Each structure stands twice: as structure tokens, then as C-alpha cells.
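What follows is a group of structures, each given as C-alpha cells.
Both complexes shown next keep chain A, but they swap its partner, so chain B is in the first and chain C is in the second.
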Partner chain A sequence: MYIINKSQVLDIARELQKEHQVYGPVMEKETRQVMFVAVDDIAELDLSAPIPAVPPKHAVFPHFERIMSYTYDRRNKKVEIKPDYDEKPKALFGLRSCDLTGIQCLDRFYLGQEFVDEVYRNHRKKMFIVTNTCNAPFRQCFCVCTDSGPSAHEGYDLNLTDLGDQYLVEAGSEQGKKMAERLSLSKADDSHRKRKEAIVDKSVSMFDSIAKDNKAWISRVVNRVTTGLIEEKVWEYIGDQCIECGACAFVCPSCSCFNIVDPVTGIDSADRMRTWDSCSYEGYSRMAGGHNPRKPVEDRRNKRFFCKLSYSQSKKYLRPGCVGCGRCAWVCPGDIGLPNVVTYIRREIQE
Partner chain B sequence: MSEINNTTIPEIATIEEIKDEIVEVKTFYFSFDGRTDGKPFTFKSGQFVMCTVFGAGEFAVSLPPSPEKDRFHLTVRKVGKVTSALHELKTGDKVGIRGPFGNGFPFDDIKGKNVIYVAGGIGLIPLRSSIMHVMQNKDKFGRILLFLGARTPQELMYQYNLNEWKAAPGFETHITVDNPVPGWDGETGFVHTLLKKADIPVKDTVAFVCGPPVMFNAVIKELTDLGFGEDCIISTLERHMKCGIGKCQHCSIGRTLVCTDGPVYTYRQIKTLGEQI
Partner chain C sequence: MNYKSGICTFCGTGCGHLLDVRGNAVCGVFPLQNHPVSKGRLCVRGWNVHELLNTPEKITTPLIRKNGALAEASYDEAVSYLVDNLTKYKKNSSDEIGFLASPRSSNEENYLLMKLARSVVNTNNISLDSDPGHRLSLDVMHRGTGMAGMLGSLEEIAKADFLLVVGIDITKQNPIIGSEIHMAARAGAKLVVIDTRNTQIAKLSSRFLQIRPGAYRIAMAYLAKVLVNENLADTDFIKKYTDGYDGFASSLASLKEGDVAAKTGIALGPLQEVARDLAGSNAAMVFFSSGISGFDRDTISYIYNLFVLAGKIGREGCGVNPLTGINNLQGSYDMGIAPDLLTGFQPLSDAAVQDKFNREWGVKLNSGPGKSVYELMTGGNRLKALVVVDHDESIIRNVDEISAMDFVAYIGAFQNNFMNYAHVVLPIAAYVETDGTYTNTERRVQLSKKKVEPPKDILPGWKLIADIAFRAGAKWNYGSPADVMNEIATLTPNYSGISHEKLQGTFGIKWPGGAPRFSLEGTRRKVSFVPTGTNFAVPVASEEYPILLSIGESQHYWHQNNLMKKTAIPLREYNATLLLYPQGYVAISPQNARELNVRDRFPVKVVSPYGSMEAMVQVTDKVKPNTAYVAYFVHEMVTRFFLEHKDVLKRGEDATIPVRIVKV
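And now, the complex of A and B:
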């Protein structure tokens, strides 16, 4: 554990910038919207900014990215394929613990199953992660229910906690330790650790009572979703409110579905692109020829919550797929963000 | 952990021969231009590959076993954008291949048993690979029966194989068409109606079923009525697929992914998935 003065905390980012492309929270001046974006000017970073509107998953899993390009010379029957992996070293600075948990879910899903996803592995290969403890919950947060905050426990290189005039810096990896030593940070003592604990306790106590009440309920809902004991009318009620915009999937730190398309770039050349996709879209499971096994919208809504809450999917993430950031509840034009879905299912259980 | 090294980037192959099967269905014979790992291409019957048509995209297709060592083939119906582009290709053109992916047929589990194949239309394509395997190892299996349905006599897949199988000793073929044409002297009606009429062994028997969902449901009902256990009915499922390696999740069905947990499922598994097939 180390200590750094508040005025110097961005020096960590400046040091990281020497070898990495730094990503961090930036507040747009006019709209006061916070985005987690790649920055060149470290002074733009704002560690006290609220949780970013979109999670930083785009740093490891971009909205759209080229995974290869190819040329096909029809006359001479020649094809050349050029893989295009993004191996740039990246540093995520000021990540919230829910978003770090989202990246851990993606790690386990993309790297830990039968196949390793090469595209993702290359994004992740040279990454440095600096997390930031949440001193207070933001609107609709419920990470205390999903065991993913307000402070990160593992998976970071450095973790920052705002102690008022100073930041407590915890190293979570060899790489993080080296960075702290390179910056010659002064050592923290037990009093700093206690101050952090008090801050985290206070932060937990500030969560809505609803969020905390939901904690036990989430595990009961997980049970219901896994065993399929939820009545069809509940899914229909949820499906009725879905306008199939896909926003919930795009702001979810752990949603990982993608589509692959080959847009043509010239007479005899094309790219292979990966783009974000959402299971709420009608075309998601539609096959060539038109057969769609998941035509009714409630079948598709059901799928998303199955992914976030079922035990079988949790086995792939080694935790529930929901990280409690609450973004789906902000963006949903209906009223079916994950906390509300838990409430609807809970209501059914109580009836 | 998988040993396949072409999970993301396809390997280039050349189309060596194209054969017209039935209307809008062609078989493409191809060989690899050179494997990236230098090893021979091996796969199990029932697995599938992702086939790239350069400039159009990629699609999933079942890969039947090949009698030749270095030459493989895919039988493809023209349905969507990419398969239509594939049908435009000529001998000598290139395609990209990733794979093989999926679990394959459970041949070890069914040794010594009677085998029934029920296929509707081009559902015979994935089943043919299993039929050929069983035919080659006939002494290891009991009775072998094929029930095949098609819309018209012209749409019966693999006519040349059918004639060969009809003549093969110990292989019982039952063929029906929905819309007979003048001169058709075989059965008419849907394929599940044949099951009732035929003398079908139930004990120690495994049924392979493949075809469109409507046909599948009718056949399953018929087979369970006959007394088939849910573990004795095996099918290979079709889904919209993008990656083939269990990441894009387009092929998710219930708690499983067709690309890594399937495409071969028992009816017991299909029933617990809780989704339409």
C-alpha cells in the first residue's frame, strides 16, 4: 500500500502514458456527460466524475473492429488474408469496480472456455488497470447486491481510494508494484487502511435500502431463472415493455455478443468486421431462409435475463453475469432494467 | 483446450469440382492450398465448418466425411446471401475454411444397436455422413433403416447413393414424397407417416432425425409413441452462427451453444433446452 497526494495522482496516468494508450473518465463540459475514452491530454481525466455512461468494455471489445482484411483476385484466383489484431498496450485509468468486474466476466468468457478468442486476447495482452473506489453510489447503482463493489478486491494492477487530501494506492499485481516503485510513492500505514475501510463502509451504507434488500432476492431469482419456474405471463409482461433497441446490451459491462460482417472495400477487397450485437434484435437468431426459433420478443428478453441471472451462465463467468452498475435501468425506454426484472420476478414469487 | 489453430482466420482452399445435386443444391469438392499448421485436416462425422465466400461472408455448414484423404466436400443449398454467392463460384475459385467445430455423432455409444435414419429434404446431408460410416462398419451394427421424405421426387437428395443403398444387403430404405409426379410409384405423404407402416425395431435401437422443425416435431411424436426412449433419438440442430467457437452466442439454445455443445443433441437434451428448435 502506498500514498500519493491528490494533486499528483494523475502522475500515475502520465507515467502509464509513456508506454500505453490511456483510457479514462472524461466529463464533457457542455453536457456534463461522462465518457470513458482514450485521452491524449491527461489533465482531461476526472477521477471524481460519476460513473461513465458507457462502460469501458469498448477498450477490450470495440463497438466495431476489423479482425482481418482480404483481397480476392477473381481473374488470377488468388486470395490474400491479413489478420488485424489490436495489440496496442492500453491502460484503463480510474475504472469503477463494477466495470472491472465486467472485464473479468469477459476475460473468463472469452479466454476461459473451450476456445480462446484471439481477438480479445490481443486486446487484453498488454493492459494495465487502475481502479478507483466509489466513495458514494451513483444513481441506480446496486453493486452491493451483486458482490462487485464499491471497492475492487482483485483483478487490478493499482487501486485508488480517495482519502480526502490523499489517494491510497494498492498494488494488485507485480506490474502494479513496479509502477508504484518507479513513481517512488511513499508507503501507507495502518491508519490509511482503516480510513479506507471506513470510507467503503460509509459508501455501502449510502446505497438505497432497495438495493440492499435486493441482495437476498437476487439469489432467489437466480434460482427461479435457472430452474425455469417463472410463469410465462411474467416474461410476457417484461417482453411487452421491450422495444428491441438493444441499448441494455450496449451499456452492459458483461454483454459480449457480437456479429460478424464482411463489408466490401473495393472491387476485389473486403474487411471482416466484428460489431456489437444484441439478443433483443429480431435478426439475432434468424437463419438464412427465414426460420427464426426466437421470434416472439419475450423469448428474446427471457434470453438476456437468463444470461445475466442463470446458474449455467454464471459458471462461465464464475459469478453472476450482472455487475450491478445499473446502466440498463438508466437507458431502458421501457421499465425493464435488471433491478426491475428482479422486482417483477420477486413479486411473482411472493404472490 | 482446443488445438485448432484457425479459430479466427480461415484457411484458403480451392474448389476442384462442383456437382449439381437437386434444384438449388450443389456439392463443392475442395482441397486446402496448404494447412497453416502443416498437419492433415481431420474431423469427425457430424462436425461442421465455417465456410467463407470471399467478398460475401461466412456460413456454417456440416462437413460430411470424405472417402479421399486430401479432398473434402460440402453440400450447400442456396438460401441466403452467402450461399447464393457460393453457388456463383466456379471450379478453381477459392473459399476460406475454419474448423472443424462441434461435437460430432456418438458412434461409440451406439455400437451393436439397430440404427434408424429419418430425414426430411436436405436433412439427409448431415445424416449421409453417419449412414456412410455405419455402412462401412456394418458388422458393428444391427438393422439399418432409412426413412426419407422430400417434397417432390426431383428433390430427393443423393439419388445415386439412394440407388446404391437400396441395393445394399441389410439396408432397408423407405422413401416418400409429398407431391408425387406422374410416374412416381413410391409412397406419398409426410415422412412420419411411414414410421407407422413399417416394421421398426424399438429395443436396442437408435434413431437419427434431421429435417425442418415441423417434420422434426411430427417424427419425434411418432417415435416416442412407438416407445423410443428420449436418449435414443439423436438429432443435429441448425442455428444462425457467426464465430463457431462459442463466443458470439448467436447459436445459443437454452443453456447451451450449438457450436460447442452441439450440433448433435439427444432428444432428452433438446427437451430440457426449453426453446423451439
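And now, the complex of A and C:
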């Protein structure tokens, strides 16, 4: 544990910038919307900004990216495939704990199973992560219900906590420790740790009064979602409100589904593009030949919440798929962000 | 910060977005949370706009048709070829040349195209093709209130406690407006949907009345009649603010109440309750489509008069709201893209208006009224030359007339079927490659800033049109689209005070003068009831043609998918249905399917008195027995079936055709 003065906290990002592309929270000046973006000017970073509208997912899993190109040599009947990996080391600075949890879910999906996704691995492999404790929740937050905040437990290299005039800097890895030492940060003592604990406790206690938009007692519905006992009419009620925009998946820190398209670039060549996909789309679950096992929208909504809330899926992520950021409720043109869906299911249980 | 704020340019909602700009490419999109209309939401189209912007199907070079095939040409060659032809047809411009403008072009580009046509080529033959229905709405609103636009405000949907949605599949056409309505209903507003189909918004409503195709007019007239019969009309409001009530009352008197239930397929009780709910509400809004599936003038007039009768215009949370399906449809009319209109709905026939434009433009305008391109093509005279800008493919239904022309020019950013008929093609920059303003369905003028450089040697539309004018001898002097807007603002009372400088950093300014909605206070004149007809006939099925077919659009088959086809995710969604129904589908009820002995995806023939088409059936409980529905993206329909029904479609009647469906 170390201590850094508030005025110097961006020095960490400046040090990281020497070898990394730094990403962090920046407020867009005209619209005052906070986005988690790649930055060149470290002074733009704002650790006190509200939770970014966009999660950091795009740093490891871009909205739209070329992952390879291929050319076919007709005469020799040979195909040449060139992978297009983004190998530049990246540093995520000022990440909120829910968003770190999202990255951990993505890690388990892309790296933690028998097949390792090389495109993702290249985005991720030289990464340095600096998290930022939430001293107070935001209106839409419910990370306390999903065990993903308000302060990160693991998976970071450095974790920052605002103690007032200073930041407490906790190292969560060897490279985190080295960074702290390279910056010659002074050591924190037990009183600092206690102050952090008090801050986190206070933050948790403020959820009742501040985080009023969403309540999601997800533990209550996990069993119900896992066993599939929820009545069809509840899913229909949810499906009727879905306009199939895809937003919930796009803003979800842990949603990993993608689509592949191969735009033709020449007579004998093509690119392979990977784009975000969403289970709300009808084409998402359509199979070759036209059969669609999840044709009605409510069946696809059902799938989404199975992914976020079922025990079977949690076994893959080693935690629930929902990280409690509340963004899906923000962007949903219906009224079926995850917290509301939990409410609808709980209502059914009570009935 | 690589995210740059902008305006989504698919539909007329005008949602705010942030585009992820890296280098000279747009790599992603994110909704804008503070935008007053979209409030951090986008639909499937908006969430994938970057895919369109990255399409390889762009026009990359000028092309000239040589020996039957389009061949690459230099810019000078192509633009001179175009200018030579404009000069050639200018001699007899009123008959021989037409300009087909785009409801997607920015206000600045449309204004300059309009100025080019009228002041340089000396013709008033300029029109839009897509969604001519919006003109009918504008005519009605203008005649009634003097304001040629939506009377309410999208921001105030949450303030209404009664919402009426008539004949529009709103969560598909304008999904974010549909969302606002849904949210208002969840917060307690009464949501009533009257539609031929059980749409998503119908499912979300507190009351859904499934109406027989073509019976909207009589239903609206009956609602008004209930207000009169039960003394529920807002008489204070009518006395203080309106004129023309007597005329409307006499139209209503000729409505035979005995016919209503049979003609609409709805019992009188529920209709009466809707009328009472409307009258009893504090603030009420009505939404309907202003597109191809929109209403005829008389139906719109009844909707408008109904709301005037109930005193539900001119206040917060009130309004009659025709919704545009394309991003700058409203702005195109504002820019005078109509043979008889100059900017801001100023009539060309008004001598004072003509003088003003003559003075400002330094020309003597052709005062002949001009005709729409559609009229010119189908009206018997032979149009010889046509200039088309960035267009949907619906015009392909006039493919015979277009291929017979001596000269067709296509100007656009993306490849389009029009190129198959063009003699010269000129590329222009995409909307993110130049500045421009767009006016959404609620009259909100929004500035979209340049975010990336256009490809080398490709000019933005405004610059290309200015260059064409210059080469044709005009002395225009615009340094930027901002200069163009300054000129628009000088000539157009509605746009007075609007400039790029003022729009910069805002979420738009609503004309006139930033007014959130139509207001009773600022106007010099009274609000009028508009004249209404007394023809309450509804299309009738016969023994020979027992099924009433209506036409609409769907989310992923949006305006012939000209743009959707150039994306990945929306394309896949389009293909999902097209793979199931390769020739398109005609939706019929399970009962009709049983009678015909067909199941989903069985091929059928749809036969009308005028023609026929083959399609697969989609069996769905969304349509009532003995009604059917076709999404009009179906290529087969657009080219032939529509052609055979031009007159029927022109009549409006929410485009209803009695048909017979037979198994093949």
C-alpha cells in the first residue's frame, strides 16, 4: 500500500503512457458526457468524473475491428491468411470496479475455456489496470448486489482510493508494485487502510439514499432463472417491451457475443471483420437453413437473462454475469434493463 | 477525445450520437445521454451507423456512360457533361427537365439544389419522391394553424396524459419516439392505439382498437362526433381561438352513426370511451405516419380537427404530430423542395415572395408553377432529363420512364440502383465528411459537424452544386455550409436567427424562433378547423376480392433498405426475413391460412382487380381475418404490383387494396 498526493495522481498515467496506450474517463466538452476512451493528453483524464457512459470493453473487444485479411492465389491454389492483431500495450486508468469485473468476465469467456481467442489475447496481454474506488454510488448502481464494488478486490495492478487530499494506492500485482516503486511512492500505514475501509463502508451505506434508480436482488432470482420455472407470460411481458435495438448487450461490460463478416476487398481477397452482436436481434440465433430456435423476441430476452443470472452461466464466469453497473437500464428504449427484469421475476415469485 | 457528437441520420427522430473517430475513419457509435429527444437511446439502425459509413459500396469516382457502360471519368469531364446537358434542356426547362431531391440531404444541400433548379436551370420541376404523404400533413397543419410542421414537441410526450397512436408501427418506424410513448404510458398516461395490425405499440397500449383497413377517416370523424354529441368539445377554446367550427360540424352531421361499427369493425362503446378519455385529459397528443403508409388528406384533416375540437393544441403536452420516416424530410420541405414552394412553405405564387427571392438571388424566377418529377413522368409528357440526388430506390417503380429518358444524372455518396440508368454519376461526401443541418420531425434544426475528411477529389454536395452553378454561369459565393444557412435564414422567416454559429454546441433549435411547440399566443390569426369531406366510404371487399390488403414498412426493411443493405448487422437482420421469405411475404391471419390450406412460407398469388404478384404467406395473429399486410420493401411489389396500383396508392386510404389470395 502506498500514498500519492492528489495533485500527482496523474503521474501514474504519465508513467504508463511511456509504454502503453492509456485509456481512461474523459468528459466530452460540448455534451458533458463521460466516456472511457484512449487519451493522448493525460490532463484530460478525470478521476472524479461520473461513471463513463461506455464501459472499457471496447479496449479489448472493439465495436468493429478487422481481425484478419486473406488472399487467394489462384494459380498456386494457396490461401494466405494474415492475422491483424492489435499488439500495442494498453493501460486502463481509473476503471470503476464494476467495469473491471466486466473485463474479468470477458477474460473467462475469451481466455478461460478450452479455446483461447487470439485476437482478444493480443488486446489484453500487455495490459496494465488501475482501478478507482467509488466513494459514493451513482444513481443507477447496484454493484453491492452483484459483488463487484464499490472497490475492486482483485484483478487490478493498482487500485486507487480517494482519501481527500491523497489517494491510497494498493498494488494488486508484481507489475503494480514495480510501478509504485518506480514512482517512489511513499508507503501507506494502517491508518490509511482504515480510512479506506471506512470510505468503502460509507459508500455501501449510501446506496439506499443515492442509488435509487435500480434495485436488483439478483440472488433471489438466480434459482428461478436457472431452473427455467419462470412463467412464459413474464417473458412475454418483457419481450413485448423489447424494440430489438441491441443496446443492452452493447453497453454491458460483460457481454461478449460477436458477429463475423467478410467484406470482399478485391477479386481474390477479403477482410474478416468482427462486430459487436446482440441476442436481441432475430438474426443472432437464426441458423443456416432458416430455422430459428429463438424466433420470438421473448425467447431471446430469456436467453439474455439466463446469461446474466443463471447458476450454470455463473459457473463459467466464476461469478454472476451481471456486474451491477446499471447501464442497460439507461439505454433501454423499453423498460427492461436488468434491474427491472429482476423486479418482474421477483414479483412473479411473490405471486 | 475520439468521440465526436453528431446527429443520427436515418429516421426523422434525429437522435443524438457520439461517433468513435479514429484517424480518418468512424469505428463505432454511442448514444448521447443529454440529447433532449433520444436521451441516451438508439435503435438497431442508429447503433450500427458506423457500418454504413465504412461500406465499400461508396461511389469513389465520377462516371460517364460510354457505349452502354459506366466508365471512370475525370471530375472536369463529368461535371462539364452534366452542365452541358443542363444548358441543353434549359431552353425548354418547364417541360423537359426535372430535379429529384433527397429527403436525406442536408438543408444546405437541398437549398442549393433548389436554387440551382429554379435560378440557374429556370425550372420549378423539383420534388422529393419518398414519402409524399408528408406534404399532405404539412398542408393540413399549415392551413389550420399557419405552421407547416408537427404541432407538438417530442420532449413533451412525458407531459401528456392521453396518447393516441393511429396507424403507425411506431416502434419500428421511429423506435425512439415509440420508446418515449411507452415510457409515458408506464408512468401513467393513457395510451390508445388504433391500427389494422396488432403492432408492438398496440401490445403496449392500455387500449387497442383493431380497425378494418381504410376506415381510419370514419373512426376519427366518429370520435369528433361523440365529442359534439356529448357536449365534450372544448367550447371556450373553440370560441376564443378558432374559426370554421360550423363547417366541421356540418361535415360531422352527415356521418351516419349506424354505419360506423360495421365500417370500422370496432364497437361504438370503445370508440365513445376513447373520445371521452381524450376530452377528459389535461394534455393529449396524437401520432401518425407521414409516409407512404400514411393517410389521405381528409383523414389527416379529421385527426387535426378532432384535436382542435378537444382543445388539445397549442399547450404544453398537446399536439397533432405527423412523424417523418426519413431524417430530413421536414427540412426538405422547409427548403422548398416542392414545385410550388420556396423555403419555409412560402408559396412560389406569391408575388412578394418571388420579388424577395429575385432580389436576393439576382434573377428573374420562372413563375410557372412546375410539376413534381413523379407527375412529369407519369402525366403523359415526356420528361427528357433528370437530375437525381442521393435517393432511395422506390422510384424504380418508374423504371420504364427513367430508362426512356435522354439524360439522367445521379449525385450521391453511396451506390444505388439509380446508377444503372444514369448517364453521368458524380460522387459526393458522406454526411460525416462535411457540415450540414438536418431538421427532424418536430422542426428541430440540428448541426452535424464534419468529422472525417472526404476521400481525395470528392466534394461535399454543397460545393459540387455550387460548382455546377458556377460552370453554368451563376455567380454564387459560398465559402462554407454556414454561409448557405445564413442565406436561408435571410429568406425564410421560420429559419430566421438560425445559424451554424448559434447551433454549434447545442442540441438544435426548433423553428420558429426556438418555440417548443405550436403556440396560440404568438400567432396573429385564429386557428382554423380545416375543410373536411363527407365521403365516409371504406374500401369494401367483395366475393371476388374478399381480403383487404394494406401496406406498411418494417424495422429492417426500411425504405427499400437502400442503406441497410450496406451494413453488416442490419443487413443480417434484413436477410433473416428475406431468407425465410425470399420473394417477400404477405401476412395473413391463421383463420385465412386454414381456409386456404396453407402454412407459413407457402407460396401464394395475390390477385387484385389491377394485377397480381406471387409471395409467400406469413401466418400471424397480428392481422385480423380477411385482412392482409405487405411490407413494401419487397422488390417484386415495388417494381410491378405498385406500378399496377399507382392510382389506388395515390388515393391514400392508407393504401388499401381488395385482393384475392390463392394457393399456387
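Quick note on the criterion: the second predicted complex is superposed on the first by the 336 of 351 C-alpha atoms of A that agree within 3 Å, B and C clash if a C-alpha of one lies under 4 Å from a C-alpha of the other, contacts with A are read in each partner's own complex, and residues count from 1 in each chain.
One rule holds in what follows: contacts are C-beta pairs under 8 Å (C-beta built on N, C-alpha and C of every residue); 3 or more make two chains touch, one makes a residue touch a chain.
The shown structure was predicted, so the numbers you read here are calculated from the model rather than taken from an experiment.
K.L.:
With the two complexes overlaid on their shared chain, look at chain A and say whether chain B and chain C clash or fit.
P.N.:
Aligned through their shared chain, the two binders fit side by side on chain A.
K.L.:
On the A-aligned overlay, A:257 touches which partner chain: chain B = first, chain C = second, or both, or neither?
P.N.:
A:257 sits against chain B, while chain C stays out of touch.
K.L.:
Report for A:38: first if it touches chain B alone, second if chain C alone, otherwise both or neither.
P.N.:
It touches chain C, and chain B stays clear.
K.L.:
Which partner does A:72 contact after superposing on A: first (chain B), second (chain C), both, neither?
P.N.:
first
K.L.:
Touch check for A:277: first (chain B), second (chain C), both, or neither?
P.N.:
After superposing on A, A:277 lies in contact with both chain B and chain C.
K.L.:
Per the contact definition in the header, classify A:340: touching chain B only (first), chain C only (second), both, or neither.
P.N.:
neither
K.L.:
Based on the superposed arrangement, let me know which partner A:243 touches: chain B (first), chain C (second), both, or neither?
P.N.:
A:243 contacts chain C only, not chain B.
K.L.:
Between chain B (first) and chain C (second), which, if any, makes contact with A:81: first, second, both or neither?
P.N.:
It touches chain B, and chain C stays clear.
K.L.:
Regarding the shared-chain residue A:286, is it in contact with chain B (first), chain C (second), both, or neither?
P.N.:
both
K.L.:
Once the two structures are overlaid on A, work out the angle chain B-chain A-chain C from the Cα centres, in steps of 10 degrees.
P.N.:
80
K.L.:
Does the superposition put A:58 against chain B (first), chain C (second), both, or neither?
P.N.:
In the superposed model, A:58 contacts chain C only, not chain B.
K.L.:
Which value, in Å, gives the least CA distance between chain B and chain C in the superposed three-chain arrangement?
P.N.:
Nearest C-alpha atoms of the two chains are 8 Å apart.
K.L.:
Does any part of chain A touch chain B in one structure and chain C in the other, and if so which residues?
P.N.:
259, 261, 264, 277, 286
K.L.:
Which of the residues in chain C come into contact with chain A in the complex?
P.N.:
1-3, 5, 16, 18, 20, 27-35, 40-44, 46-48, 50-51, 54, 56, 171, 175-176, 178-179, 182-183, 186, 200, 203-204, 505, 555, 568-569, 572-573, 575-577, 579-580
K.L.:
Looking at the complex, which residues from chain A come into contact with chain C?
P.N.:
Touching chain C from chain A are residues 26, 28-33, 35, 37-39, 44, 53-54, 58, 62-65, 240-241, 243-247, 250, 259, 261, 263-265, 273, 275, 277, 281-283, 286, 290, 292, 330-335.
K.L.:
In their shared complex, at which residues does chain A touch chain B?
P.N.:
That would be residues 67-68, 70, 72, 74, 77-79, 81, 83, 109-110, 113-120, 228, 256-262, 264, 268, 270, 277, 279, 284-289, 291, 293-294, 299, 303, 306-307, 310, 312-313 of chain A.
K.L.:
Hey, which residues of chain B end up touching chain A in the complex?
P.N.:
Within the complex, chain B contacts chain A at residues 1-2, 4, 7-10, 12, 14, 52, 54-59, 79-83, 92-94, 96, 212-213, 238-240, 242-243, 245-253, 255, 260, 274-277.
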